[in-house]
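In this document, chain identifiers A, B, C, D, E, F and G correspond to the written order of the chains, with residue numbering beginning at 1 in each.
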Amino acid sequence: MKTNTLILHTAALFIMPLQLMFSLFLLLRGHDEPGGGFIGGLVAASAFVLYAFAFGSTATRRILRVDPRDLLSAGLLFALASTLPAFLAGQPMLTAHWWELPLLGDTYLKLSTVLIFDIGVYAAVLGTIMTFVINLMESEE
Amino acid sequence: MESLMAYVVGILFAAAIYMMLRRSIVKLVIGLILLSNAANLLIFVVSGMTRGAPPLLPEGAEVPLGAMADPLPQALILTAIVIAFGVLAFAVVLIRRAYEVVGTDDLDQMKDTDT
Amino acid sequence: MIPFVINIVYFLLSLALLLAFIRLTRGPSLPDRVVALELIASVVVGFVGVHAIDTGISSLLDVAIVIALTAFLAAIGFARFLERGTQE
Amino acid sequence: MTDIIVSILLLAGAGFMLLAAVGIVRLPDLPTRMHASTKAGAMGAMFTMAGVAFFFADGVVLARAFAIVVFILITSPIAAHVIGRAGYFIGTPLWSGTIKDELRDNYDSQTHTLRSGYEDSPESATPPPETTPEKNN
Amino acid sequence: MAVPALHRMTGKYIGWALALLPASLTVYFVSLIPALQANGSLLIEYAWLPGLDITLNFLVDGLSLVFALLISGIGTFILIYSGSYLAGHKYLARFFVLMLSFMASMFGLVLSDNLVTLFVFWELTSITSYLLIGFNHEDIETRKSALQGLFVTVAGGLALMAGLILLAIMSGSYSLSEILSSNMALHEHAFYTAAVICILAGTFTKSAQVPFHFWLPNAMAAPTPVSAFLHSATMVKAGIYLMARLNPSLGQGELWSQALMLFGAATMLTGAYLAFSSTGIKKVLAYSTIMALGTLTMLIGVGTELALTAFICFLVAHSLYKGALFMVAGALDHETGTKDITVMGGLRKAMPITAAIACLAALSQAGLPPLFGFIAKELLFESLLESPIWSAGLTIATVLAAMLLVGVAGLVAIKPFFGKSGNTPKSPHEAPFGILIGPAVLSVTALVFGLVPFLPEVALLQAAIGSVNGAAVETNLALWHGVNKPLMLSVVSLLLGWGLLASWNRLRSPLNAINTSAARFGPEAGYFKFMEGITIIATWQTRVLQNGVLGLYLLILVAVTFGLTGYTLLTKHGINLTLDLADSHFYEWGIALLLVAAAAFSSTTHSRLGSVASVGVLGFGVALTFILFSAPDLGITQLLVETLTVILLVLVLFKLPEFGNLSSPFERYRDLTVAIFAGLVMTLVILAALDVQYFESISSYYIENSATLAYGRNIVNVILVDFRALDTLGEIFVLSLAALGVLSMIKLKAEDQHKP
Amino acid sequence: MNLELALPILIPLTAGAVSIALWRSIRYQRIIAVLATALLLAASVWLLRSTIDQGFLVMEMGSWPAPFSIVFVSDLLSAIMIVLTGIIGLAIAIYSLASTPKGHEKFGYYPLMHLLLAGVAGSFLTGDIFNLFVWFEVMLLASFALLTLGGERAQMEGAIKYVTLNLFSSAIFLSAVGLLYGTVGTLNMADIAQKVATIEDPGMVTVISMMFMVSFGIKAAAFPLFFWLPASYHTPQVAVSALFAGLLTKVGVYALYRVFTLIFTQDVDYTHTILLWAAALTMLTGVLGAAAQFEFRRILSFHIVSQIGYMLLGLALFTPLAIIGGVFYIMHHIIVKTNLFLISGITYRLLGSYDLKDLGGVYKERPLLALLFLIPALSLAGIPPLSGFFAKFVVIRAGLEAEAYVVTGIALLVGLLTLYSMIKIWAEVFWKKTPEHVTDLRRLRGEVKEKHNWAYFVPVIGLAACTVFIGLNGQPIYELAEMAAHQLLNPQLYIEAVLGAQR
Amino acid sequence: MIGFFWNIMLALAWVALSGDFSGMNFAAGFFFAYLALMVLQRQVPVLKGYSRRIPRIIAFLVFFIKELVKANYRVAYDVATPVWHMKPGVIAFRLEARTDVEIMFLSSVISLTPGTLSLDISDDKKVLFIHAMFLQDEEQLRQDLRELEHKILKILR
């Protein structure tokens, strides 16, 4: 059957950034409102899945820049890295640490191991799903 | 609602098991999906269902203003959902690969390894 | 007044869900089922909106955002399937 | 007052959803069903979200409700397009009452090409006469 | 481990070199004789596994010393003999390793004070015996014989283990010296019967008592030194040793003495008869060993002081002459190239020394003076005549056996060496010195003991008899007691035996016919039936249970799961099928209906994509349930996961066929019934669980501390990334594992295909 | 803080993640494989030492107080299991250097191995029932991936059964956790135990315990739930089989030991009687299954089932001696069974088959290998003085003391039939002449120099040495088992260690 | 669209920097970013005319929603009544829109408008094939579509 994908292509270019932004939004404010690393990662994965449907797996690999598997391992290492401060401080595993980095004036950048952990979850979820989808699509082609 | 949902969960289990008992590998996978949904719902039901009180604290508040749904089973179910998803992805690819190498979707013809 | 209306709305939406599901079961073609599935997603958005009003919890709208942004992917997946399927 | 507006909006939203549902059950073929589901579904969501925005009367909620509407308006036609297209090309039968099909003739099922019928005309900004494109079978 | 190195160093004298080991041990044991104490003395004490009362204590008393000396003494010559007999064999080193291991195990067995340790060595002798029987393992019959020996003895060994444990439970100790010195009336204990049966099962199998005797002749597949040492002089006597050892403790019970007498006598007769009717020289010897073992068992059963004296004497006499005869048989085999007596004859010219030795040993076997065998036989008849029960029966049986035995002795010592020259595969020469030294020394010892019986008596036998009896015994061994009843019986049996020997050639074919038809119902046939039965049952069970059909596996799992759960619910809690209509809103009914309909449709439709779409609807329904009941995070996750699931399914399914209708209606209804049952049980369990909420949830802690201590207002997320972050950590690893699995399944295959 | 309590999962998790990051560099992955498993072993020994010294180690994850946090608890049973995990991990890692096909290494063999170990270690250490589920899943997914690695037809067929039946088990487990939480409102096992003990009418708890029993029974491959094991364990490459054989089912057994000593002791007459009969039938069906087989790894697989029965018997009899026997048996079995699989891999390497019909002549050409086989094989059959004898001895003695004669009789019979199977392998593979159709004997005779040949033998020799060591020097092992049993039979100790004495 | 994207990104940056993740703050950030882009658009070619479009978009939305409500009635009526009044068919609509974005936008709006549904575009992007439910008056329909197209192109160009 014919494969005219103009509309899908164009639409994907519009929708994907929205989804990606929304996923970051969900990730960052997940500690206070519905969201978090899982949900954020799933939404981000949806974004790339859309892209993959529109442009194929090769193009998706290109915009991901890294192999999804590397994304996955980065996520795992991030999550593991979040245990380091507790490890160094001699506390039980996964004890949370919170820092406030002063920025300009009286604004602060709130950082915590919890956030690092959640970012790790985000990346791992994204990496996992992209591994599924990209490889499956490649095996079809 | 819990008692009603108990029946629903029971039916989900029944459907899941019936599907898993079929000989087609595709039905097996559908059964697995139903099964994980059933188990997740079961946790949700037995730990109590609360209407309209999600475990979100209002901005600025340190403690909830009223009763609140139990957050713990929700966290468990969330974990279980994601795990089930990973497992399912694996299972789906497994059946496809099995179909490719064995050349049939009939589970009854996949018994060479046992005896 | 609101509770009464909300109940009616719930009723209408439930009815819509079940009707859409009937189409899903009847088919006859796969695209028909997919259309029904899409509609169910939309109805769930409605449910979420009404429920947000019913309970006064605006956070629930995030659920609707997620549906709006991602539910259509399933349809694209099915469409892809159909395209591939006839290639052979 | 708010209550009344909200009620009306919600009822309208739910009404459209139900309409869509009745539509896809009743209507006779895939494209017509899609007319019902795409539009009425989107309409239903829009009205409901309008109701939500009114009810909460809050900037954040307004922004979210607006975002939901926009997202639905962007995504649902895409879904409709891909499904409708796929359904058409796999040969889902059209309703017997369909009076016209200008696509069928331009589609070559062997090469999977879809002609416009205007292949020879120049790239002009001025629209050609609004007539049925001549068929050159 | 040093043996191969030694082998390289000493070359063909390895047998001599290694024999130094048991020889020095013999000297050592002899040196212990003067210091023998009534209750025995401990040689080595080592707490091996004190938690289980397992010690490595070695005990020396008369009985163990007799056995130790038999092992080391005969062992010395066997090693020398082996060096010559197997000279040049490629795997001689392995052979010696096994022989030495066996010897060590045997020492351990007879010297152990601890029941468990004793059992350890007991089993080790079985294993080393197995490996030695199978020395020529490339022959399938050898392997079968080795397995048979092992299987029978280990089976008995397991019973023995249970018996010993029971004995320890009864007596409260695993130490033989403690058990023997305590004066408990074990035969009144509730476990007595069970313990005796278990222990006897062990000793009877090991010592080839009827009906377990069949493995011993088959064990003759082993090289002759092995047969001589293990299957005549030592290992098969381990059972006898243990019965003698435990006799003081267990002998008070009637079960013990009667069982021993009965089985002993039966074994004696069977062995004697079979020995006489066999033609292979090693078989003849093996059956005569069985006969001797039966006799020994019977004597323990009789249990009088006289009987025990006879027991010890017969034990020593038998070990000496049988060891010698086996080695002679080996020499014949070695020189003539056959084991068949029927083709041997007139060998005394070619092998005069061998002939002399054989005659000496055979005279002892036949119980002729002035050899030690005569003393033993006289004592045997005398003790039976005085047996408290069954005296007449036992005596007659023994006379019959003795008569047969005389015939057997003639077969072994006279038939090959006298008469016409036979037609043997090899032309025979006198055997080398290494082969002859062993049997020569043993026969001469039998002669010396016969002439001066007080030599061994004073030194050792008296102490040994005391150990078996449990109290000191006065004995007076002498070659000549005058003309008495036992002597008369000896003469009778001798004459009859002579007659039998004369008619052996005529008797052979009818006896053969009888034996063949008897074998079909004999215990060995039982053994084969048993082994066959195992295979049949195993195959049947595997076909029924492990049949490869996943559906049936799952059916069983489901049935067990819900059967067990349902039954427990019914009996332990009670069932209560309620439905509270009032507590649900009508739209919730709608959603419930949607869930049920979606589940039902997805599992009944014939369209696989319809099924997938329906599963999608189910996902939406579940998400809606989550949303309506205060779980927005769950709702979102469920929606996303459902969408991605559908996408995955769609990506994969297009490579797969449509749903087929594979099951028969019967299968469908069966599965449906089971599935409905499972669902029903689940419903009931949930309803029951809803009724009993015993404790408040721990969740209030999370709700109270989420904002203040964990700085987050979305409590579910705070639990996921902080309170219970470890779950989440595990979970992302689950996901990544799924990804790796998928990756390899898709890609590894592709790579294979690219390979040529 | 007790760092040693976190290391058994942190080391393999980190090694796994790093190995994924180093996907393309097989060389580094191989180095990490050995290094990390060696570290794991070291950490596990440290953990065992600390546990012996302190009785219980507890770590409240995230510094939140128990029962609100997930706790890691090490009692002696856990510590022992962790040490065994370390031993097996290291052995498999070294063996894998030689035995793993290139393609498998390229597609994540090493990370999967690490993560499997992490899942196993997490299961042994966690004191939280839901967290146990998570570690089970980690282990399960790792085993799924390892099982299918290579993509052969037999692997796929076996994997479908393995996956389906284990997922069913997981679903039952998850449901049971939900029901338990619904009834007692907590997930911490110590807290659950404490609360269950105060319930007056614990019928519902018994009902839930049945679901745990079935779920763990499936994981442990107990009768009649074991089908997945013989269907799949012989299909992957041999190091994977060995890893599975050593550790996976034992996690199920461990879980049964944990919950049926700590939590579900409210109706022992009922629950443990069921376990007793399951144990007996597990022993019997397993060993009979093996008797029908004529393939090296299938025989071994069925014997796993059979020996699970012994372990369950220890739990089911529920006397101190029985538990000691069970724990002892687990220790012995893990080492021996892994070793046997590894040896089957070597003979496969030498002669190219697992089918007994196609094997032979190994004793003649490779006496050392024959000895190395005999040690674990005879140990498995319970022949003294090897480790298996004492394990069996204790169980039998416990059975006789508990006057469970029928079951004890079955256990004895099963010992005999186990010997029968081992001897069958010995006779066919080692004694029999090499079959005629095997023409290339250079491998068998050691005339072809293999790369990394040492890596085949080092683990086999090491594990055989463990078997002999336990046999000859059983007392410290026995004492460990004794201490473990003491803790298991006094759940109050565990509860106090986790929740503090004041509660 | 690039302008809009940048606007959102800047707004998010604002939110992150201020550490206040509320919706109101985002709206404020969006507004400030809009102002910033207004200033910037003179220098950066891709942002050209960005600030002018927002009011046009709002105007279009109002028009579109009006159309939507109006035309929905017709579908509703036909669905709700037992007899079919519709005369469906597929027509080819010659496009003035040229770029992919224009075509995509137009086809989406057409799909959202009751009674019409974009099915596909010819390979040379000159014709949009539309399924229409009410082909009673095809000319009127084509005119309406043309008007719609013009309005859209006005926003986008």
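In this text, contacts are C-beta pairs under 8 Å (C-beta built on N, C-alpha and C of every residue); 3 or more make two chains touch, one makes a residue touch a chain.
Remember, it's a predicted structure, so these values are computed and weren't measured experimentally.
Counted as hops between touching chains, the shortest connection from chain B to chain G is 2. Listed by label, the chains touching chain C and chain D alike are A.
Ranked by how close its mean Cα position lies to the mean of all protein Cα atoms, the top chain is F. Comparing mean CA positions across the assembly, the chain most remote from chain A is E. Among the other chains, the CA centroid farthest from that of chain D is the one of E. Put simply, the C-alpha centre of chain A and that of chain F have 36 angstrom between them. With centres taken as mean Cα positions, chain G sits 86 Å from chain E.
In this assembly, the C-alpha centroid of chain B lies 21 Å from the C-alpha centroid of chain C.
Mean C-alpha positions place chain F and chain G at a centre distance of 63 Å. Touching two or more other chains at once are residues 542, 546, 548, 550, 554, 558, 585, 628, 632-633, 636-637, 640-641, 643-644, 647-648, 651-655, 682, 686, 689-690, 693, 697-699, 702, 713-714, 720, 722, 724-729, 731, 733-743, 745-747, 749 of chain E. Residues of chain F in contact with two or more other chains: 13, 16, 20, 61-62, 130, 134, 137, 141, 144-145, 148, 151, 160-161, 164, 168, 175, 179, 181-183, 187, 230-231, 292. Among the residues of chain G, those touching two or more other chains are numbered 22, 107-108, 118, 120-121, 123, 125.
Shown are all chain pairs that touch, namely A-B, A-C, A-D, A-E, A-F, A-G, B-C, B-E, B-F, C-D, C-E, D-G, E-F. The touching residues of chain F, counted against chain B in their complex, run 130, 133-134, 137, 140-141, 144-145, 148, 151-154, 156-161, 163-164, 167-168, 170-171, 174-175, 177-179, 181-183, 187, 230-232, 234-235, 292.
Taken in their complex, chain A has these residues touching chain C: 1, 3, 8, 15, 18-19, 22, 26, 33-35, 39, 43, 46, 49-50, 53, 140. Taken together, the chain A residues at the contact with chain D in this complex read 1-4, 7-8, 11, 14-15, 18.
Listing the residues of chain D that touch chain G in their complex gives 16, 19, 22-23, 26-29, 31-32, 34-36, 38-40, 42-43, 46, 58-61, 63-64, 73-74, 76-78, 80-81, 84-85, 88, 94-95, 97-104, 106, 113-119, 121, 123, 125, 127-128, 130, 132-133.
By the touch criterion given at the top, residues 1-2, 5-6, 8-9, 12-13, 15-17, 19-20, 22-23, 29-32, 34-36, 38-39, 42-43, 45-46, 49-50, 52-53, 58, 61-62, 64-65, 68-69, 71-72, 75-76, 78-79, 82-83, 85-86 of chain C touch chain D in their complex.
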